Every structure is written in C-alpha cells, then in structure tokens.
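Pasting a structure below so you can have a look.
Each chain gets a letter, A, B and C, in the order it is written, and its residues are counted from 1.
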Amino acid sequence: MRLMMKHLIVMAVILAGVAPGVTTSWADDDRFITVASTTSTENSGLLADILPRFTADTGIEVRVIALGTGQAIRVARNGDADVLLVHHTASEEQFVADGFGVERYQVMHNDFVIVGPASDPAGIGEMANAGAALARIAEKKAVFASRGDDSGTHKKELLLWQAAKINPAEASGTWYRETGSGMGATLNAASGMNAYALTDRATWIRFGNKGDLVIHVQGDKRLFNPYGVILVNSGKHPHVKSDDGQVFIDWLVGESGQRAIAAYRIEGQPAYFPTMILD
Amino acid sequence: MADSLARTIPASGVAERASTAGSLLPLVLDQVCYSPHGKPVLQDINLELAHGLRTVILGPNGAGKSLLLRLCHGLIEPTKGRISWAGQSTAAAANRQGMVFQRPVLLRRKVAENIAHALAAKGVRRRDREALVRASLEQAGLTHLAERPARTLSGGEQQRLTIARACVCDPDVLLLDEPSASLDPAAARAVEELVVRIHAAGTRIIMTTHDIAQARRLAEEVIFLHHGRLLEHSPADEFFSAPRDPAAARFIRGELID
Amino acid sequence: MADFQTALLTAIELVIRLDPDLIEIVWLSLKISLLAVTFAALIGLPLGAAIALWRFPGRRVLIILLNAAMGLPPVVVGLVVYLLLSRAGPLGPLGLLFTPTAMVIAQCILVTPIIAALTRQTVTDLHEEYDEYLRSIGCGALRSITTLLWDGRFRLLTAVLAGFGRAIAEVGAVLIVGGNIQHVTRVMTTTIALETSKGNLALALGLGLVLITLAVAVNATATAVSDTARRHHG
C-alpha cells in the first residue's frame, strides 16, 4: 500500500509537470485569429510565406484551418472561424447574403489547369477550350480523378462539365473517379491511376509526387480562379474577433498583403496574382 | 516417514488447552443444509466442536468437505440451518479465524508484503506490522525469502506462507482446506509440522483432507463426510481402529466407496 | 523502393538534426496523448474496477457496450466532439474547438473505453482468484479495490500503454477537432496526412517512421512490463 502511494505520487508529479507545459502552450492569450481557408492556399505554401509578414506587421497570429471551400464555409457559418478565405465566388456571395459574412473582398486569383498522363490517351494536349477537353476525356472514357468533395475546385470542375454538356456522375466509378478528398490526395490518386485531373496551378507547381503527369490544358478564361476574403459576421456570432479579423483583411487587400502575394514564387514561378494592380 | 512423523506429533490434552483457546468455541452446526441452485450438496449437518483438538474433516473427493469449511468461515451462507461460534454469527466470528485454501491465494507482491497486507486489512497499525511480519516469517521458516515475489516460491513454501499469513493475527481457530493436497511428501511434511506448531501455540485446528495417512498423523478427532452427509464424528483412535460407519470403514481400508 | 530509401534517409536526417519543427510536432503529440491517456486512466481504471466488482441492472449491456467502444471509429468521435465544441454547438461558448484541449478530449474519449474494458477484464480475473481470500481476512470494499488494482498493476499498465498507442497513432479525430493548425494543433499524424496531400511522400514517410518507432518502443515497454510481471509474480 505504501508502494502504491509512492506510485500515485510519482504519477501526480508527472502530471503536474506535463499539464502546465501543455496548458501554457495553448492557453496563452496571444492575439490570434482563426482563418478558415482552402487546402490549396495551405498546400501551395502561400500562407506559410505571407502570414509571418502579417504577424510581424501587426502582432496578430493567424491560425489556419485548411479545408475544402464547402467545408470551410460550413466552419465559418458555425462561427468556428473569424475570417473566410476561399475560392468560389457564388458560394461566397451566398455566405454574405445569408448574413454570415460582412463583406466580400477580392484578394487574388490564380488559375486552374488540366493535368494528365504524358502519353495523353484522350489527346487533349494544347487544347484551348477546357470544356471541349473534358468532352474529349469523356468520349475516350479516359480516367479522370475528381475531388468530389464540394470544394471550390470541385465546383469549378462541375461547372466545366456542365459547359461541356456532360453529366460525369453517370460514369462515377468507371472512368470518372471521385476521391472525396483534398487537392493533394486527389493528385496522388491521379498520379497513381495515370488519370486526368483539374487542379489549381499553385498546388500543382508545389506538388511533389507528379509521377507521369503533365499540364495539358491551360489559359482558358473559364479556368480563372478568384479568391475572396470575408469577415464572419459578429452579428451572428458575437465572439468573432471582428477588429483583428478586419485588420487581417485590410492588410491582405492593402498594399503590403498584395505585394507579399505578388512576390510569392514557387520554384521560380508566380503562383498567385494579386487583385490590386501593382506597378 | 509417515510413521516417524506420527510419532513426533504430540497429542494434546483437551483439558490443558481449554483455558487458552476457546472464546470462539463451541462451533455449533444445527441442521445445516447447503443446496446451490436447489441441488443439495450438504444435508442435515449437526455438529458441535468444542475446544482444543485438532479436528480433521475426512472424506473422498466431492464429499462436501471444502463447502463445510467455507460455511463455518462464513464465506458462503447455508441454505437452511444455523451455524454459530460460541453463540456468535459466522460473520462476527470470522475475524478471529484464519483460513488456508487448497490452492494458495498469494498477492502479486513480495512475501513480507503479503503478510503486511493481511495485517493492514485487519486494522493493525503500520508501525506494529513489521515486528509481526518478522515473527510470522520466522515461525514459517521463510525469513530468508522475505523479499522474494511470493508467487515465485515453491508450492510448499507458498502454502507455508499462506498458513503463516492466516495466523499472523493469532486467530483462535485456523481452518485449512486440503493444505497439502498438491504438494510432494517433503513439502507436505513441512506444512504438517507447521500446523502442529501452530496448534501447540494455542490455535484450534480444523482441517479437511482426503488423505487417510495425513488424517492418521494429524487428527485428534475425525469427522467423516460422504455424499454431503456427516456419517461419523469420533476421536481419532476410535475412528481408525473401530469405525462405526461402514462407508468410513471401507474408506479407511482404501477401498473405493460410492 | 527509391521512395522508401529517400524516406528512410529523410527520417534519419530529421532525427539526427533534431529538426526544430519535428521536435515541436513530436513533443506536442506526446503532450496531448500523455494528457489524454492520463485522464482516460483516471476515469477508466476506477470505472473498469467498479463494473468488475459491482452487480447492478444493465451491467451486462454496459460491458458489451464498453467492449464495443474499444473500437470506436475515430472520425465519428472527432465529428461528435466537433459538433459539441463548435460555436454553434452546446459547448461552443468554451471556445475549445481547434485547440489542443479539444484534441485531448477526443483522444480521451477514444482511449477511456480501452482502459476501462481491459481494467474490467483484469480486475474480474483477479477478483475471481482473490475474492474468498479478501473476504476471509475481512478486507473492506475500498481496500479490496486498491488491492486488486495494485496487484493488476502490470496488466493495467499494459492497458494504459495500449491506450497511449491508440491515442498517438490516431488521425481522424484530432484532424477534425484540432484543425491541423501549424504550431498550435499540428501533431505527427496530421502532419503525415498533410505532407501526403502535398505529395511530400518522403517527409510523410519519414515522420511515419518516427511514429512507428514510438509505437514499437511503447509495445516493447509493454512486453517488458508483462515479462517482468510473469517472472516476478507468476
């Protein structure tokens, strides 16, 4: 019994040692805001590059939850984020119209590309029309990996299928494969299956497991990929850090943020283009 | 060897022990029946045990010896009938008894800690425990094993430890259930010697066995149990020389009985 | 094969270099899982012992549920904790979502049934052996429980280690409730998921090897513990 007491005490001491370490590391009241954003901004490395500059300028830490656009919007609707940074204009406008967001600001854009195996079994190489390229893929029943996760990229892809007058859902599970996961996971799947896929350029450049995949289609204006930033409405969720959130948005769409975005390079290539015209 | 041991064990007189052990006695069983799930395994046991003697409950396997011991110790309740120790209930009397099981129940601790644990359970204060533990180990000849994990002891050492542990609070009565059933002859002999020493120190012994030779060596009185019935209760020399019960007679001769 | 070699070299390099990011992630993982397991043990040990020793209505159903809960799907636990802690949920005002605390809660929910169920089994087995003896020496309820828990200490420690193994290797729940925020809630498993999605398979596998090494160490400890127990206490 005495031994047992000794062990209990040892355990308590260990606990006492660990607990403060943990609580201090996460209960510190440093100024921070939570931003719900997309996997593409996180995976491309953009946020990791520009956010430290913002923190240095303002003293506000930014905690990023990287999700698909649909999920990110749901998190923001629940009030679990202060700021939303995503890329599907229609959903963003809906979010503001529903009263969950204060106002939508244009931040930047990049573009989508259609990638596929170098052998190009569907023969879409260098096609200028993204819709026509997808129609060709469907016609040849070439394997296509879709996000299938209600993300901004997924929504863009569905729009393109619509333009091509094809309902890929009918082919789901055959040549049309919905991964139901993020951009990186979908590219991994595409790489593994030698499939075509729609991806944003930034993620693509940064992606480390390209395998046999190359870009086949780019430059179609329908592949334009605009990002918006929205402050979550504190009228809906009173705990939202409106002030610091607005500081972040002002910085992002202001000169410092826009220059930071413009300066970001992945392997020497510009990946995002700020909305503001910089000289 | 059995004979020589029998000679070394002194018979104790009832009279000289009456004064030392006795506050719990007599043990009286009145029309005791035990029938778990309606199946009678002990029936109409009437028994009165006075002080002093070494009592051996003898009978073939399955006679109900262990159950009888458990009933007396209060581990199980009789279906019918009454058991009392000097007028007290079994629950009230259990505190002044020690019980040794056929398969030694040893805590996963050191030898000395096993005894200390029993002392703690009995409410002995921490500072008083050490001396008692030491004395108890010495009596059982286990002093050199005090720091060994109890379950690494040999079978005989384990059983001697459980006996020492059961006796550490100096109980009035020590109940032993086939304490040497699974031991080799040398270890069994050491256990028997310990039992005799404890008895000599003033503790009433009630013990079960199916081993006639062991009963001859240890018993001062014998209770013969068969098929859940008490068939004979006699002084040991009478029982072994002229058993009244025919089944007992055949059992003593080493015949199969049914 | 080339991938695997790169991964192995990456892992070794990260460890040898004591890469600060790696250290931070491993340390946070350990802190969260140790804390979760400690709380789970504080709940699971007495709970398992109580279920083993007390008879009450619905006990058998509870045991079945407890054993089933050992295999709780982490993503479901994550989802439920997310819904509870979300600002829109009942515990929203606490503001715990996307914090390490939320991850501790999720892991604790995953691990408690494991510890409780294994404790119940251990205590039941020991109780079967000790019951008559403990009653014989007049052991009270509290002393009986402490005796059983202490004598089951090696098996219980193994149960706790099993719980730790599950907690540290789990990704589904902590990803959902933690949000994988860099420097805040990013642990080994969520980093592996993230690096995999970036296509950085080498780095992901490298971290995976660190995790596997930890799991092996935990299991080796568990084996050593039960070997010691067998040698010393049969």
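Assume a contact is a pair of C-beta atoms (placed from the backbone, for glycine too) under 8 Å apart; a residue touches a chain by one contact, two chains touch by 3 or more.
These figures come from a predicted structure and were not determined experimentally.
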Contact-graph separation of chain A and chain C, given in steps at minimum: 1
Greatest separation from chain C - chain, by CA centre: B
Separation of chain A from chain C, taking each centre as the mean of its C-alpha atoms, in whole Å: 31
Between chain B and chain A, distance of the C-alpha-averaged centres to the nearest whole Å: 78
Interchain centroid distance [CA atoms averaged], chain B/chain C, Å: 47
Contacts with 2+ other chains: residues of chain B: 117, 120
Residues of chain A engaged with two or more neighbouring chains: 1, 3
Junction residues of chain C - those touching two or more other chains: 153
Interfacial residue positions of chain B with respect to chain C in the complex: 70, 73, 75, 94-95, 98-99, 101, 105, 107-109, 117-118, 120-122, 149-152, 166
Partner chain B, residues of chain C touching it in the complex: 129-130, 132-140, 143, 147, 151, 153-154, 229, 231-234
Chain C partner contacts - residues on chain A that touch it in the complex: 1, 3-4, 7, 11, 15, 18-19, 21-22, 25-26, 34, 39, 42-43, 48, 63-66, 77-80, 181-185, 187-188, 191, 206-210, 237, 239
Residues of chain C defined as touching chain A within the complex: 28, 31-32, 34-35, 38, 86-89, 92-93, 95, 97-101, 104, 146, 150, 153, 179-182, 184, 194, 196-202
